[in-house]
Structure formats: structure tokens, C-alpha cells
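Scrolling down, you'll hit the structures one after another.
Shared between the two complexes below is subunit A, which pairs with subunit B and subunit C, respectively.
Entry: the complex of A and B
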């Protein structure tokens, strides 16, 4: 007979094996889903692979797609590790793009070395403001951060909607409103790298941010307090840690990271303020952060994996002839199996002799 | 001779650790058989094997002399074995009746409340258990909640009852009532396995099996043994129960509390006009039944609860209402009573816990980064000095036994504090050996010049250690007495709300 027993200590090999099994199971379940639509599964998967890593151009697309979700993933990691269930990344992405756009108006004409850090800072400031609002609501009035951040998401999304349609930032061609801002001037485009216009310099930032997050979380007193807050806030309070201050710092940092994603999308990809390329980046970050085991390095890998899925989705749709909606479905399936793997990793299988 | 339950040659290993090594144990019908041993001696493992939580690697269990195979708690219940856990498994929002029915129903989906109520009424009447079946569990004091657990087992027709450290959460009064019930159950033919590490309770049993490091050291008839012998068997060496407290002249006043008043969560007065002072080289004991304001007093003194009125003069400065941080920086140490909730982060390593609250101290930082090397070095010193039983400093504190977890807190607090130590129930739930150690540490720090406020529900602790004892009742101090000229029963009367009769040196309480 076979039984599951909780593990006394975690085993790196077993943990790795469970996550490998999760990937395999996720792919298998996706294959069943694909087959049910009548698609040629092998062809779809090879298209997916080709679109994700099949060429330098595909890799560039993967990196570009991974960039915002790694950042929103890191925003999730910081908050969730402290058991602060901020769902505000979505709104903060929008705020980051809007702040960046405002920055671009204010700072227009500055040399690039000042302009880009400046506009990204504008974007992050908008995310910080949202994070600060949620922190104040929580600390001062005891408002649950899940509620406040979800509500703020609506607020921000509709604010953008108003700004673009009928508001001051919309682009109107005659009588039609396009729900987008006019194009940014060329000098406001994040410069490309390796001779590619697609691979903008912003793709370096998530890796830098992840490295900083990893360092802060594991090696600094602040990281110690964030982790401690997640495990046992009562002990921290008794030992003189200012919980409200720590909560505020976490919300600000999380807001800044998510907003950076939105600003990079604006200056690196869309080059104009519009909603459709921002939708879902914040929520995807929550999934990415969770799959990454709420660790910065894991989040980078999970983000790249999801970036690959997103990049391969285009090929999949074209070459494999399957509906695009299958990609988010596959992401969901993967998340499900990864969450299972997280549980399985904490158990071990034992064989019990029947007496 | 027939047995209610017998275990032969039971062995259970966990990842290389042998928790039970070839254990033989037998339970006679109608007896209280005590499983006695230190934390980690294998008492809980043995009972978990009997109740079907774990499967033994080797060995056989017999119920009423028939070999049985117990694969799960359901099997155990079928064989008439019931277990009451140390931590209750109750739904606070349900009534007593609902809690008992839910999870004990054997088949069907309809709750047969009427029948259950009758059966429970009969059980309660039989054992003299006075409980309102329609009361919500959250309304009940802890002692009554335990009765619900016992009722659950009896409702399932248990004939063998395992009680896992049943008095760990009870007041002395509640414990007495519990033992009355236990004796009634035995008189009616139930057999009871009592797991404990308190000598007072062992002495009330019929027989006792002492476990040490997973092995049975001895099985004795309780009336034929003595607490000293049992303690020696349990620890494996002589244990001194009476600590020698040298006479020390109290130095200058470290902390003077005057007219301290505080309110609880619902605005009720939890501290009323509390005044006392503690000097260098002095231990002030706080006696009182749990829930009479001791916890709130410590919370105010360490800064996590704001007082409504009154002053706390620490070396002359009024520190009432300051944050825990400010007080820690002024040398106040605090050993909280709920060690895994308030004193430690269980997921953190021993090393991380040893600097909890001081993680920003320049001593442990190297620029903006935490100096893990310095902390690891310090931790190894502390582990050696305080004899913390752990593989190394990287083990999570939550994996350590209660006694070793407490040593981490004591080590940390005495390392960083200077002047005043607040110790709330520092020996609660610990083994004899560790209690001895904690007491010795407190006396050592007293000799070094600390002023110590020590609350304990064990009066013997206070009489052993304290220079003066303040007795609390409903948030007030009934009086401050000298343990040398007062008896335990006099303090007991004050704990029940009688004011101090004898005139104590009143001027010492005002400083």
C-alpha cells in the first residue's frame, strides 16, 4: 500500500521532481484541451516552441513579453511574502503608464539619459501613490488591502478610459475617438538593443529588479522584517518592529515595481497610451509570482515561461490554427499544476507493508 | 491478567530518528496509566500509534487481548479508543451539541440531534459534567472546551481514553475538576492513558510508565514511587527541586509603577490602579489565576498595550505608553507567555530568532546588509551557553521543543536587555530539567543586578524564586507579601480575591 506522509524536511531533488511533473502534467492537460478543439497537437506545440525560442526574433519577443509580468510578479512577491494580499498590480500598471505619459509631456526635450529615468520615475511615482493610498487605508482605517486595491484598480482603469475618450489625452480623428493617445515622438521610444527595434532596453530592468529584490529579501533587515511579517506579525510587534511602517514600505515598493511594468510597456512597446496592451499584466503577475514560489529568482523563470507562452501564442494561432483564447487557458492549467506541485513537494510517498 | 490495551515491541522511526524503540506498554481495565517523560521522549508518538495517526514500523497492538490493526483514527474509534488532544479541534461558532455531532456521525447525512442530545444528557449526568449543550463553544472557558472534547470521545463509546497533556491549558481549579471527572470515569470501567510531564499529575495515577529517548525506562505502581525517583528516571540524573536563592541586598529601584490602569479590547478595565516597584537584585513575583490581568500588565510594561493612566518610571524616566522599540532600547527584556506566537517566528532559524528585534542593530549589520556570519557565530555561542538542543543554528525554531524554544527567547532577551526583565510564565509547559535550568538562569541574572518581574501560575516557582510576591485578582493587586513570612495557602486566599490581611511593608511598594 502507498501512503503520503508530510515531510519533516524539504528535499531539493523531490521538489524539483514535483515541479517537473507539474510541467509535464500541464502540457499533457493542455494537449487534451488542444486535441478537443480538433487541432494537431504536435504541430501546435512545435509552433509554440518555435514562437517562443525558435529564432532570435522569437527570443526577443519572449523577453519583451516577459518583462512586464516579471515586474508585476516581483510586486506580488514582495507583498505576498509579508502576507499582504495586494491585488493592486493591475491598476498600478495602468497608473505607471499614465504617470509615464504625463512625464513624457513634462520632460519632453531632455537628453535621453535624463529623459528615460525621469519618465520611468514619473510612472513609478504614480504606482507608489496608489500603494500609499492602500497602505494608509489599511493602517489608519483597517481597510482590508484586497478590497482597497481591487477598488483602486477599477478607479484607475476607468480614469484612463476617461482620459483617452473625451478627456485631454485622447486622439481624435475628426468625429471618431480611438481610445488611445497620439503616438509619442520617436525620441521617446526606449532604444532597441542588438540592432533590433523590438528588443528595447527596458527588458534589462526586470532582471536588475529581481536581483535587487532577492538581495533585499534575503540579506537586509527590511527583508527580514518582510518575511517575519508574513510568518508571525505578533512576534514582530512584540519585538519592536513598526508594523505600519513596514506595511507602508512594502506597498510603496510593490506599487513602484508594478508601475514600472506599465511605464516600460508605454515607452518600449506601445509607444502610445492605450489600455488594451496593459490589460491583465497585473493579474498575470500574481500568477507568475505564485508559480515562482514567491521568490524573485523563481519569478524570473516563471515570467520567462509565461513570456514564451505569450510569444509562442502568435505562432500557435497562425501555424496551428487554434483560437487565441487557449493560451490563457493553458496558463491557468499550468498554474493549477504548479500549485499542486507546491503541495506535493511537502509530502513524501511511503510504501507501507499491509499487516 | 487481562488488559484493556497492550502494546508489544512497538518501534517507530522518523527520518532516522527512533521515536519509539521496542516499547512495551499495557493498560489494565479501569486504571489511570500515566505516560511520563520529557518533551520528545516519545509519549506523543506512542499515543499517536495507538490512535492510528502513525503506523508503527514494528510491533503489535492488542485491544482486550485481541491483536488489532489500527490504520487510522476511525479504526481506533471502532475499537473503543478515544483521544483528547492538547489543542482542541472545535468549531467556536458551533454549539457544544453541534460540535459533538459534527464529525462523529457514522453514517447518513441527517444530523440526528434529538437522539444525540439524550445520549449526551445521560453521559453528563453519569459523570457529573455540568455543561450547557446549547452554549456556543466560543463562550466557554478553556476548561469547559476540554470537556466537550472528552464528551466527544465518550459519545463515541470510548472505553480507552488517551488524554494528551490535558492540564497544559487549565487553571489549577479546572485541573482539579478534570481529575475528579477522570476518577469517576475509571470507577465506571474506563481505562485512561494520561500523557503528562507534570509530577503532581503523575502522582494521581495508578501506574506510570517512564519514557526516555523513545525507550521505556520503567513501569511502576505509582503509590510505590516518589516524585524524586520519577524525576530522576525521566531526566536520567538527579534533579534539584529546591533552588538555592542567595540573600542579596536589593539595590536602587529600577522600575516603579504607580496607579497603572488599562482597558481591554471591549473597554473593560483589565488593570486597576496597579502600583509596585522592583529594585536591582530583586525578583518580584506576580501570583494569580490566569486571566486576572497578568498578561495585560506585561503587555503594558513591554509597550504593546497602551495604559490609560498611571506612570511607569524606569530608572527615573516615565516610560508609560512608549513603544516596544523605545523600551527595548532602554534595556527592557520581555519573555512572553505565548512563546511561539509572541516570542518567536517559528519559521525563522534559531540564528534569526536570536536577533529578532535587533536585526537593525549595527552589531548584526555590515553596512546595509545583515551580517549573517556574525549572527551565526553569536548563535553558536548562545546555543552552547544556554544548552539549546538543536542540530545547528540554521534549524527552524518551530521544529524545536517548547523548552528549547524558550531557551532561545531567554538567551536573546538576556543578551540584549540590561536592567529590567519581564518574564511571564517562563516555565509553563516545560520539563522538569528545563524548569530547573530556567530558574537557575533567572537567579543568575538577579545576582548580576537585573530587576525581574516574574509571573507564574505555579506558586512553588514564585516561592522558590521571588523576593516579594504581588497577588493579582481581577486586575488589582491584592497585596504584596514576603514569601518568607507567608504560606502558599495565604497567597491562595488572596488569589481568590481576599485583600492582604497582614500588614506588608507598604513603603516598599511606593518607592
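Entry: the complex of A and C
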């Protein structure tokens, strides 16, 4: 008979081995999924690779696709490390785009050096407001944050739907409503880099944000409180830390990061307010943050991996007829195996003699 | 507005409430069984979605609605097995396991759905029709509201006392509730906690899947992305609001169904309110409800705490 026994100390080699097995199992399961719908597995995988890193253009697309999900991933890391299971990232991405769009109207005409920081701040403020709501609901009213953030997500999505259809921001062509805003003026597009209009300057921000998150988490009292809240809130309370205040700060920061993703998506990619570009970025961030081991650096790698997958999927669709939903399906599968690997890494398998 | 018209509207609102409550009721009773067994399953949304998708596949592929019901039940049970594997056996945090399941179910169903309809017009089916119960359906007001519904609606309403009986009047139910309150008591008696949690979660999730299946077969003729649209989360709220009791859960889901029914009818009557606001009502109500429910006593003591032998 075999038994699982918790490990006293973590074993780096065993941990690495279990996560390597998770990636292998995730790829194998994805291959089975592809085969189940009659796709040519090798062709799909090579197309994915080609589309992710096969050319400078592919790499640029990978970076652009990775940008929002690294940011929502970091938003996840901050909250989940404190065992605050906020899944408000999805709604906060929408709020960030809406806030940014509002900012673009208010700040129109400012020089770029003021305009872009300004509109991104508008977007982040909207995400902060949502995070604050969830924090108040938790602190003051004891509402479970998973449930409150899910409900807030739906409310924000309906708010955007109203703004674009029936509300003040919709683009109407005759009698048809397009469920989108008019295009932003050209000067409100985030500038491109390296002579590419696709590779907007916003792709630098997730790396900056990850560095700041890593510093705060490991080198500041706040980071200590975040980790302590997840590890042993009772001990933290006895140390005299105001738990409610820490919860609020975490929710605000998490909301700001997720909203930044939405604002960058608006000014860097879509250039108009519409839901299609934003759907799923928050949920993908939860996967990215968790696969990244709830660490900023890991999240950057996981985000780049899934950004590559998304970029590869765009390329693949041009070639063949594999459904676009391959990306979320592979994300879900990989997450599943990583969750299992995370557990396996914490246990030893022991043989027990049967009496 | 004439008297006759007003009466017709009221009957229509109430009848729609009973119809809308059916999938919520199946799923909530299933989640009640799961949570009373100590598993804080946040994967209701994904389980309902999978049940709905399985029902759609079976209904369009075989043309048999009852085979579709069976498919939804089996799909739900399978999702339950995944949840039980992760929570009870692997001891993954219950919230994380549920979120993971939702994301997995969302991705997989969408992928299979897109490959299923690729290169052709989306197949549709014609769903369940009302089955009027003779005599009872002739009673004024009560007849059209309660006794002229889909067959599965009657099953859902009867499932409330059935689940109550199972939980409170059988040995199986006693053991099941013990899983949520004091699993150690079972363990020291030499009874397997894991095996019982597997059984309970699979049974509960089968009912949750059936709820998703009915949502498909009783209301729609085709699958869409995000088909369940947050109903799984409403179910989780209803469980808290219903204080983990069958009757409380029935009242909570009925309140949600009434809101949704009211919202659809306001649209039909032509009230001057943005339809998005009406659609948002159940979610607003959920938040308001949870704000008022700070102290609930019915929560199983060991809900969401992985059981590990000392």
C-alpha cells in the first residue's frame, strides 16, 4: 500500500519534477483533446510554436497578448497570496477600459506625456473603486469575496453593455447599434516601438509592475503582511496589524493592476471600447497567476507562455480549422495539472507494509 | 389596464417563476448535498455549464430529450468526481478547486462546441413542452402556475422533500451530514471519509448537472458561450441565504426566479428601464442579500476544511 505523507521541508528538485510532469501531462491531455476532434496534433503544435516565436512579428504579438494577462495575473498573485480569493479581475479589466475611455474624453488635447499617464490613471481609478467595494463588502458586511466579486463582475459587464447600447457611448450607424464605441482619435493610440505599430509601448508595463510587486512582496512591511495574512492571520492580528486595512490595500492594489490591463488593451490594441477584446482576460489572469506559483516572476513566465499560445492560435486559425477556444481549453487543462502538481510537490509517497 | 389583463400578467409572472426556478432548484439541492458533506464546491457554474452542453450534444445527436437528460446527469457526476478527486483526495483548497473546474469546463465546452458546429449551421432541437396534470391544472390561478409545467419541474418540486428525507431521515443522510460536521467521528468508526465524500459530491453534482441540462432542454434550442450566465453563482448565494436547509434553499431560489421572471415581464410590458438593469437585478439582489446575512448558524462546521487524519 502507498500513502501520502506531508513533506516537512520542500524539496526543490521534487517540486521542479512535479511541475515538469504537470506541463507534460497538460500537453499530452491537450493532444488528446485535439485528436478527439480529428485535428492533426503535430501540425497544430508546430503551427502554435511558429505563431508564438517563429518571426519578429510573432514575438511582438506574443508580447502584446501576454501584457494584459500578466497584469491580471499579478492582480491575482497579490490577492491570492493573502488567501483573498478575489476573482474580480474580470470586471476590473472592463472597468479599467471604461475608466480609460472616460479619461480620454476628459483629457483630450493634452500632450502625450501627460495624456497617457492620465488616462491609465483614470482606468486604474475605476478598478480601485471596484476593489474598494469588494473590500467594504468583506470587512463591513462579511460577504465572501468570491461571491461578491463574481456579482460585481456581472454588474460591470451589464454596465458596459448599457453604455454601448442604449447609453451615451455607443456608435450608431443608422438604426443599427454596433455594441462598441467610435474609434479613438489617432493621437490617443499608445505609440508603437521598434517601428512596429503593433508592438505598443504598453508591453513594458507588466514587467515594471512585476518588478514592483516582487519588491513589495519580499522587501516591505506590506509584503510581509500580505504573506502573513495568507499564512497565519491570527498571529498577524496579535502583532497589532489592522487586518481590515491590509485587506483593503490588497483589494485596491489588485483592482488597480487588473484595470491597468483593461486600459492598455483599450489604448494599445482595440482603440475603441468594446467587450470582445476584454472578455476572459481576468479569468486567464487567475490561471496565469496560479500557474506562476503566485509569484511575480513565475507569473511573468506563465503569462508569456499563454501569450505565446494566444498568438500561436491566431496564426493557426489562418492555416487551419482548429477552433479558437483551443486557448482557454488548454489554459484550463494546464491549470488542472498544475493544481495537482502543487499538491504532489508537498507530499512524499511512502510505501507502507500491509499487516 | 383591464382587470383581465392584469390577472393574465400575474399568472404569467408566477408560472414563469416556477419554470425558471426548476434548474436553480435542481442545482441548489445538488449543491446542498455536496456542501452538507463538507465540500465547499465553487464549481457549480462549471458543472451546470457542462450539464447543459452534454444535454445539447445528446439532444441534437440522438434527438431524444430523455437521453439528453441522462447525459446531463452523467456529465454532472463526472464533474463531481473531478471535484471530489481534487478536494477530498488531493486536498486542494476547495475554492481553488472549484474555480479551476469552472475555468476548465468553460474552455473545454467551448472548444468542443466550436468543433461540433464547425463548417455547418448550428444544429438545434425542440425542447420539453408543458405537461398539464388532469383536473389539477383546471384550478384557477394555481392550475396554470403549478400544474401546467414541464415534467421535470414536478420532479424538481418533489425533490425538495425527497432531499430533506434523505438528509434527515436516513442513515445515509446522517453519515453525510456527519462528513460536514465531524468527519473524525466517521473515521474513528472505521468508515471511509473519502469514499463517502466521493459518493456525496457525485450525487450532488449529478443533480447540479441535471439543473444545467434542464436549463438547456426546457428553455432553449441551442448552446451558446457562457450559456449558464452566472446561475451557478446564484445557486451558491441561495445556499448561504437558505442557511443550508432544503426549505430555506427553496425559498431563496424562488425569490431569485421571481426577480428574473419579473424582469422579463417588465420588458414585455414595455417599462421604460434599460434591459441591462433588469438583467442585473438578480446580481444586485445577491449582494444586498449577503450584506444582510452576516451571521448564519446552519453552515456545516467543517465546510471547506480538508479532512486529514492526525
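The rule is short, and it goes like this: the second predicted complex is superposed on the first by the 340 of 355 C-alpha atoms of A that agree within 3 Å, B and C clash if a C-alpha of one lies under 4 Å from a C-alpha of the other, contacts with A are read in each partner's own complex, and residues count from 1 in each chain.
In this section, a contact is a pair of C-beta atoms (placed from the backbone, for glycine too) under 8 Å apart; a residue touches a chain by one contact, two chains touch by 3 or more.
Every value quoted in this text rests on a predicted model; they were computed, and no experiment measured them.
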{"item": "Contacts of A:196 with subunit B and subunit C, given as first, second, both or neither", "value": "neither"}
{"item": "Partner chain in contact with A:33 - subunit B first, subunit C second, else both or neither", "value": "second"}
{"item": "Which superposed partner A:105 touches (first subunit B, second subunit C, both, neither)", "value": "neither"}
{"item": "Per-residue touch tally on subunit A - higher for subunit B or for subunit C", "value": "C"}
{"item": "Partner chain(s) touched by A:244 [first = subunit B, second = subunit C, both, neither]", "value": "neither"}
{"item": "Subunit B versus subunit C as contact partner of A:158, first or second or both or neither", "value": "second"}
{"item": "Residue ranges of subunit C touching subunit A (in the complex, touch as defined)", "value": "42, 86, 90-92, 95-97, 99-100, 103-108, 110-115, 118-119, 230, 233, 236-237, 240, 274, 276-277, 279-280, 283-284, 286-287, 290-291, 294"}
{"item": "Complex interface listing, subunit B residues touching subunit A", "value": "14-15, 55, 69, 302-304, 323-325, 327-329, 334, 336, 341-348, 352, 356-357, 359-360, 365, 368-370, 372"}
{"item": "List of subunit A residues in touch with subunit B within their complex", "value": "8-9, 215, 219-221, 224-225, 227-228, 231-232, 234-242, 352, 355"}
{"item": "Of all residues in subunit A, those that touch subunit C in their complex", "value": "33, 37-38, 85, 87, 137, 141-144, 146-148, 150-152, 154-155, 158-159, 161-162, 165-167, 283, 286-287, 290, 321-333, 335-336, 339-340, 342-343"}
